[in-house]
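The data blocks that follow each hold one structure.
Common to both upcoming complexes is chain A, partnered first by chain B, then by chain C.
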Partner chain A sequence: MLTSELRNNVLVVHVTEKRVDASKAPLFKDEMTRCIDDGHHQLVLDLSGVDFVDSSGLGAIVSCLKRLGPRGSLAVAGAKGAVSRLFTLTRMDKVFALHDTVDAAVEQLSA
Partner chain B sequence: MAPSISLLIDSDLDKVAHIARAVRGVCTGLLAAEEADAVELSVVEAINNVIKHGYHGQPGQDVQVIVGLHPDRVVIEIVDHAPPMQAGLIEQASEDLFSFDATNLDDVPEGGMGLALIRMNMDEVEYSAGSGENRLRMVKRVEAPAG
Partner chain C sequence: MKIRYILLTLTIFLGVALLVAVSVQIRTEILQHQAAQRMVASNAVREHLLLNANALAQERSRTVRLLVSGEADARHREELQEARARVDATQEAAEQEIVERSSDLRDPARSLASLSGVARDLDALRQQADAYLSADPQNPGSEPVQRWFREATRLIDEVQSFRLTLLQQERPQDPALRAEAVLRTYGGVLSESIARNQAILTWALSRPGEINPAELEAVGRNVGRADLAWELIQSQLTAPLSPSVREAISAAHAKYDTTLSPVQQTLSNALQSQTRPAISAQEWYEIARQGLRSIANMQQELLRSSRDRLDLELAQSRRSVFLWSILLLCGFGAVLASALVVRLRVVRPLEALSSAMLRLAENDLSAPLPRQTRSDEIGEMSDALRVFKANAIRRQRSQQDKQMLHARLKDAYRQLRKDLEAAAVIQTTMLPPPSTLGDVRYCGLFRPSSLVAGDTYNVVRRSDGGIGFFQIDVAGHGAPAALVSVASHQILSQAILTRPDGMRLETLVERINADWPEGLPYFTMVVGEIDVGAQRAAIIQAGHPAPLLLRADGIVEPIGDGGFPVGMISSATYETLEFDFRPGDRLLVYSDGLVEAENREGEQFSEERLRGLVHEHAEGSTGILLDSLDRVLRKWRGSERLDDDLSVLMLERLSERTNVDAHL
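Moving on to the complex of A and B:
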């Protein structure tokens, strides 16, 4: 459910599913964890193709941030509509750096 | 009598997205996009809770969703036959869960957010259990009723 590419030493992870919900959260977490454990510690999660995230999906994203811990950064790019509102409603917009575009997120992380 | 639609799924997390889209479709025209988002999220969280905690992930059990369309509100009922939820959980769930210290990752919740999100997204939430049946009733008021 994820594809990734390296840009300026930042791993950009694109979510290819439209929904990150309880049925997809375990796979999402496994694939993200593999990226982190492979040594990628500057990551941008591209949610521009996602139109629905539930609390299980959000919890999986938080769990990836916790796994990364102080050794790196996980920024979120392209969250819109209901997905963006979920981050705001749960105050996760204070936990994650949210960027409108992947380019802006990469620029911030590689600066 | 207000029109009402009943949908039934098997207790399988893979099927929740279908019923969520169906409920959203039924409410289209009555609810604004943000209200429909709130209803869709609440329906998904409620059904996920039933499947994960009520039926402990066991497939082949029933989850019914009844959508009542009133001119000024949408009433959603989630009906299941799992063991009932612990008393008081709905009342205790609140937005306080999200008053965490954002600078301390240990303080940020990874789970247990479903009921709080339902209460934050719906105008009324009531839970009743009895005779082997559980019913979660959620009301979303229409901000700008048609007509």
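Moving on to the complex of A and C:
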């Protein structure tokens, strides 16, 4: 459900599923954890293809941030509509650096 | 028709066909053997008859010599007795042969009668001759001698014709045998011709005056017959004769041509011209006797050759019968053996396999399989059947295992469901029923997506009169979320009830958030308090959808724009939102399951639709509004099932005038 590419030492992780809900959250968490454990500490999570994230999905995204801890940073790019509203509603816009585009997120992280 | 019948019928049919063929051949061989035996018997009798005819001819010659010699020569008498004894011996031998081989001869009784007739006539002739010889003077006239001679000749002819009759009855098929029989006949003619001339010429030489022209003509005829006989004998030499026979013939012929024939010619000529011949009767008799002996030698050789050939043929046919009989026995044995082999090696194993297969086909897995330690097709079939049975047993066991597992799963599922149903009942009883506390009336809608839910809510009244309420939505759903929801329900209820005066609401939430165990799911909530006296209310929105405030005048407005969920970020801070809550105002608190409920096309119900619906029913009672909400949502979903837990809590500030009972 994830594809990733390295740009300027930043791992860009694209979510290929339209929904990140209770049924997809565990897989999402596993794959993200593997990326982090592989030594990538500068990550951009590209949610531009995602229409819906539920509470389980949000929990999975936050747990990735907690796993990364002070070692690095996880930026979120392309969140829109319901996803963007969820981030605002739960104040996660204060926790994650949100960017409109992946390029902007990469630029910010690699700076 | 079953295979066993086909195989056995085929084997037996082939066997019977073989046996019939061999039996037919054996019958032919037996017939041939019998024919050979008859041939041997006929040949043996004819041999004795030929010797008998020769002996008779000799007796005739000697009798005539005595009759015409005119003197009772003791030596000649003795020779006559010898000749008679030889005739008797050969006759007796012939009779004995007929008796011994009576089973192989066509008409032995008639043959014996013919022989005894000859013997009787011969006896009469001998008495006649003895009478002539004992009379005085001893010299009978030419007339009686002539008569006696003719009579004796007739007797010899009778024996010869009897012999030819026998030959006629059993004609040999073998060309050599046939040629030898013909040669013996010609030899007989030859011998008789010579013997007659021996007698006639001896007579003529002994009594030159007595011979008449008829007798002399007879001599000439006999010479002619002898020459003809020799010609016929020569013509038979093209047949496949043995070398010894050819040698005997050519020796006899040479002897005849060199000795007998010239003397006979000279004598004949002398008698014709009535001149005195150069040789005496005695000399002539001796020459003829030697000639006859050489012919007899030839005959003996022919007889021996025929005997040998017939013995060989008989032995061959006997061996043939024996060999074919052995073959018949072998064939019989082979038929029995093949029937037995077919039965033991094919039919029985097939029957055993077939019955085992039928039982297996009827699912009788206890059917014992026939033991086969063979490497042929039946062995392979048996092995395959063994594998089939093993597989069937394995399948059956696996089926039984599956059924047991299925039953256990069903039990476990039933138990789990029972547990969950009980838990659901407990969870539902924790929710406050529609009621009124002080001036606040509340009412809830609770629809879990499964039996138990991660949603919960409560309304409590503090000892200071304040009404506290909360609505919680634990992340995820199902049993884990339900357990957490129960725990958070308790924690929040206790926290509200025991909050000391002066402690701010956000402090309470921040403490709960900070203390929230790391491993548990987080939850969103709206927690609030209504100060009835001050007509004010305060809420904290912790990641929960913003509650809708329905003003008494029909205006609908959301309160708050978000906040951290509880249990996600331990250092999170919260803010309290305070607002007027006057009589007639209502507060609608709901979980995201309401606005995120999707229809079949995947479209969410949305906050806009909710606000529209609420606005539409702003004039109606809380109960009607919640009922409409429930109904519209079911219609929106198109199904009774929800993807996420859904709960709504509605609080209403009653006006002082309002009658409590009227609203309920």
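For the reader, a short list of remarks on this structure follows.
Just so it is clear, the second predicted complex is superposed on the first by the 111 of 111 C-alpha atoms of A that agree within 3 Å, B and C clash if a C-alpha of one lies under 4 Å from a C-alpha of the other, contacts with A are read in each partner's own complex, and residues count from 1 in each chain.
The criterion applied here is as follows: contacts are C-beta pairs under 8 Å (C-beta built on N, C-alpha and C of every residue); 3 or more make two chains touch, one makes a residue touch a chain.
If you're wondering where the values come from, they're calculated on a predicted model, not measured in any experiment.
Superposition note: with chain A as the common reference, chain B and chain C are in steric clash. In the superposition on chain A, contact of A:G59 is made with both chain B and chain C. In the superposition on chain A, A:R71 contacts neither chain B nor chain C. For chain A, the partner touching the most residues, choosing from chain B and chain C, is B. Contacts of A:A82 after superposition: both chain B and chain C are touched. When the two complexes are laid over each other on chain A, chain A has residues 22, 52, 54-56, 58-59, 62, 82, 89-91, 95 in contact with both chain B and chain C. Within the complex formed with chain A, the residues of chain C that make contact are 473, 475-477, 521-522, 524, 543-546, 561-565, 568-569, 572, 592, 596, 604, 644.
Residues of chain A touching chain C in their complex: 22, 52, 54-56, 58-59, 62, 82, 88-91, 95. Here chain A touches chain B in the complex through residues 19, 21-23, 52, 54-56, 58-59, 62-63, 65-66, 69, 81-82, 85-86, 89-92, 94-95, going by the rule given at the top. The touching residues of chain B, counted against chain A in their complex, run 13-14, 16-17, 20, 33-34, 37, 40-41, 44-45, 48, 51-52, 98-100, 102, 105, 108-111, 113-114, 117, 120-121.
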